[in-house]
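Per-chain residue numbering starts at 1, and chain names A, B and C are given in the order in which the chains are listed.
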Amino acid sequence: MNILGLDDDELISCVGCGLCLPHCPTYRVTGLEIASPRGRIAAMRAVETGVAPIDAPFVDAMQECVQCRGCEAACPSGVPFGHLMEDTRAALELNAASRPTALAARVRRGLEWIGYRVVLPNHRVLIALSWLLLVAQRLHLVPKRFGPQRFGPPLLTRSSLMTKLDVSSGALGDAWLFTGCVMDAWQRPTHLAALQVLQATGLRVAVPGRGGDCCGALHEHAGRRAEAQHLARKVMQSMPGDAPIVVDSAGCGAALKQYGRLLGTEAATDFSRRVFDFSEFVVQRGVPATRATGRTVVVQDPCHLRHVQKSHMAVRSLLSDGYELVDTDDDGLCCGAGGAYSVLQPDLSREIAMRKSAALRAAGADRPGVLVCSANPGCAMQLTQAGFSVQHPAELLRDALKEGPR
Amino acid sequence: MDLMDLHDVAAIVRGAVEDAKVGVVPIGAGTHREVANPVADGCDEIRIPNGIVSYDPNDMTITAFAGTPIAELNRVLCGHRQEVSLDPRNDAATLGGVLACGLSGIRRLRLGPIRDTVLEVRLIDGRGTLVKGGGPVVKNVTGYDLPRLVVGSFGTLGVILQATLRCRPAPAQQQWFCSSETPSYLRRKLFRPSAVLWDGTSTSVLLEGYSDDIASESKSADLDGMLSSPPLFPNGANRGRISVDPRRLAALTQRLGGLDGVRFVAEFGVGTVHIAADEDLAFVAARAAAVAEGGWMLRECGGPPGFGGFGSNIANPALSERVRLAFDPLGKLSPGRMVDV
Amino acid sequence: MCFPRSASDAAAAVRAARVHGVPYVARGSGTGLAGGATPLDDALVIVTTQMNRVLEVDIDERIAIVEPGVLNLDLSRHTRPQGLHYAPDPSSQQACSIGGNVGTNAGGPHCLSSGVTSAHVLMVEAVLPTGDIAELGSLAPDTPGYDLRGAFVGSEGTMGICTKVAVRLMPNPPLVRTMLLDFMSVEAAGATVSAMIAAGVVPAALEMMDAEITRAVEDFVGAGYPRDAAAVLLCEIDGLIEGVDYQVSEVRRIAQSHGARSVRIAQTEAERQLLWKGRKSAFGAIARIAPDYYLHDAVVPRTKLVQVLESVYAIARAEQLTMMNVFHAGDGNLHPLIVFDSREPGIWERVHEAGSRILHTCIDAGGVLSGEHGVGMEKRDLMPLQFSSDDLAAQGRLVDAFDPDGLANPRKVLPHGWRCGEVQQRGGTIPDDTWI
């Protein structure tokens, strides 16, 4: 039996010790074994070997995972849980039996289809919709349950959407700044800050050419593997050459770094080697001179920076001269944003966020004047909505540069 | 002296239990005879032999018959610079008596209660059966924890024949200090003192360890006065031991301080208060003070007629009675000792 | 399965189970290693993970009152700002719950100097098998009557379900030195442990790992464990400066006289934490070597360590099994670990045979079956190795006193035949000539 098509060696490498449990955000908030990595692997094993059917509880259990991969970092045996979950979701996506049949579920699936197939991969559509959303927000036409307070989209601003990145797209430079989909639509000022810092280090920076609209991370997380692969190929084409690729979104960076596995080609592996998280890249190049701002920053580690890219320490090297840095005492537990997770599993996402908020408050993040730094757009939105003043490391660094941006 | 074989001892005790009309009561040095309640009239007294069965200093465990005086244990252990944390008030007391009464020593703050010292016990239950509980090594969770249950059971679950104890390295140095600071202040200041006592007027502190450490600790807490001997325990015709939630100890000592004729020494951080009074009335008042602070007082000796050993209901009476019956269905073991008349 | 949020929820579950004659099992994080929380006979599983609040911390008196689902490490983390910690630290401490610790009377590396769970539990609030909620023990140092708390701690859910625990907290030591000692043979490491104890040096923790497990752990943590050592000792000394310095020098002297190749002292707290992370991840890292493992938990007198270790390796060689040892050496608490791939035909028989021989060896050396994991299902049928039938009968009567119906986690801890009413309940296996 090989119903989900998982890698047998990966699947049996869990010895069930449970050290992952406290690092799993959904286990933390529910206390349910089935909401833990160990429980999910046991369920995968049962389905894979034909002991249990693919039924609604199984599908739910798989969908409830945030895919933060905190369990991977905690696992002494190095179980590649992320692979197992992605492969399982891909198998479920292909498996007709797991498709919901109720009308509401089919409507929801239709909306998901539009999101994954139409909006994310077509940046102009996303930008256009964002303007529409901004107008709707101004006219108070957005129902409260989809409002910023309820972990819907953030309150958009005109200046943000109007921000211009003063570089030509697709032109060869010393480095690429990958801009992506949602972040470019809703948090372009962060890109601007990243660009200014990179330029301050003397680089000629380019942004992707046509087709580099979306990294496909959300698709891969949802099990929509073919779409993810398609987008990955387009992204690779949009940034040709050998220049390093700098990504200021931890989730996108993690995805780009895993194109080798996603596509299984040498070209993809080579491409992935060129990818760096923003902080990682700047630290490697040498952090430009900064001044002490006297401000305190509580560092939040996005999961895909800490557990997947493992480059979260670079954020600290980047900012330690300019800011008083404080860590949270929660082993980098997920904030519950999880890409599309906050939209797809709003209740769990909110509970996880409350836990994160408590950890941030314990570190003093709610004190006046204290900032929270997050290197991922999803986390930043989640934490902003929870009431914190969140900035990207690029913005913090830019504001602390001795010689301000050109 | 040749040691008796455990099974020979067991056979004698078994015979005594089986033959007893009323019941049996093990007798050692008699130092704890009056603690709690007297046994019913007509009980047969049994004496358990003394002697160290085995002592492995390199493993830090010692096994002895219940009749062994603590002074004897200490003498043997001292030769290897080790100790057991029993510390009875009178070291003529025997191992069996100390364990059965479960009265922890003055260093409980650092060493813990005596129940944590016992690794294995062998006893004769009320059916006359030889029962072993625990194990002879320093760490053991195999089966149910009979040793802890037996400590402080006043002989009502079994006649303890033999016990194996955990030893510790004896401290390089011990020094008592007196201080005018409050006990709470000293507890915050000092790292793991062995005892912090308060008698209503002054604080005394026991520090154990290496001399430089004792010196620097005492300096950091301004412990100026060294005591040449341990502080005296209150003594008198009536003696008792109060057990109270340590968070209410300060309030309790305040109450006790207001009682005429009550002398006390309170163990801070533990919640034990040693009480003595010459007058019955004062003794009764001390127990009332304990109860008022949510605690209780065990009678160690004295008290007016009808003064119960516990002065309080046994906790979880129904369950406790079922436990007692599990070991002693016929009620032959130290009958009356744990029941306030 | 049910998820009580309060003692009364749990009591309701127990009463309902009792009315319907259904057995029930309490479960925390499920990190137990003896199958104590594994439901048998379609038992109702009462999961305490949602009772996870720290109810009270008294800094001055160093007491914490917690619900059973609070994770062990979370409690120490909670009290860290006050300079306090909860001392028992099982290797699974980041995941295991206090309730489970109470159930198994859990140990851990630092129990060498500070004692196992029972020494740190002041009071347990429990739902007794009768459905009543009782407080066993008290915050006061002594309770009038029997130490029912002592009996309950380590009873593996057979005496009821703990719903609240008051524990003692310990002050963080002013000075901690963590030493890594590196040996060319397991025997030399074992002899060093025996010699340290004999010299009166009782460290805060004294752990041993042999070659293969050290390499697996190093692959995970990268703490600088020597990959070519035959055995390493992780030795932690804490306390005040003179005592620490003296003991560190004693440990160094003893280790070197037993041929230690190097003695490394962690220079920073981060380095120390990483060394400990390695030790505490050891069991979880096994899948780097093989997908399955069978872990034992015997204790032997510390004077017999070398001799028993030799026998244990010889047994593994005879059964052609991969054997590793990672254990609490200072307590003599061995954790022989047999690693294997259960897909290999006939392997289970050899694993069980080796396990049985190892336990016999430990008992013969004057040891016990379990030092900290408990008996559960795993060692239940081996209990007669350590206890006579009289001993087991007495234990059976004690549990019966708590659980007259025999519904609280049945068929755990004691082998068949020592609980009242067991024969009638299970039926089927009564020999013809038995009087009932």
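Please note the rule applied: contacts are C-beta pairs under 8 Å (C-beta built on N, C-alpha and C of every residue); 3 or more make two chains touch, one makes a residue touch a chain.
Keep in mind the model is a prediction, meaning the values are calculated, not measured.
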| item | value |
| --- | --- |
| Between A-C and B-C, the pair with more C-beta contacts | B-C |
| By mean Cα position, the chain sitting nearest the middle | C |
| Per Cα centroids, the chain farthest from subunit B | A |
| Distance between the centres, which are taken as Cα means, of subunit B and subunit A, whole angstrom | 61 |
| Where subunit B and subunit C are represented by their mean Cα positions, the distance between them in whole Å | 28 |
| Whole-Å gap between the CA centroids of subunit A and subunit C | 39 |
| Multi-partner residues of subunit B (at least 2 other chains) | none |
| Of subunit A, residues touching subunit C in the complex | 12-15, 17-22, 31-33, 38, 74-79, 329 |
| Interfacial residue positions of subunit B with respect to subunit C in the complex | 56-61, 81-82, 102, 104, 108, 112-113, 115-116, 125, 129-133, 135-146, 148-149, 151-153, 157, 168-169, 184, 187-188, 191-192, 209-213, 216-217, 241, 243-247, 269-272, 294-296, 298, 310, 312-317, 319-320, 322-327, 338 |
| Touching residues (chain side subunit C, partner subunit B) in the complex | 58, 60-63, 104-105, 107, 111, 115-116, 118-119, 128, 134-136, 138-148, 150-151, 153-155, 171, 173-174, 194, 197-198, 200-202, 239-243, 246, 299-303, 328, 331-333, 366-375, 379, 383, 386-388, 390-395, 397-402, 404, 413-414 |
| List of subunit C residues in touch with subunit A within their complex | 3, 29-31, 47, 49-50, 52, 69, 71, 73-74, 77, 80, 92, 94-96, 217, 219-220, 281-288, 291-293 |
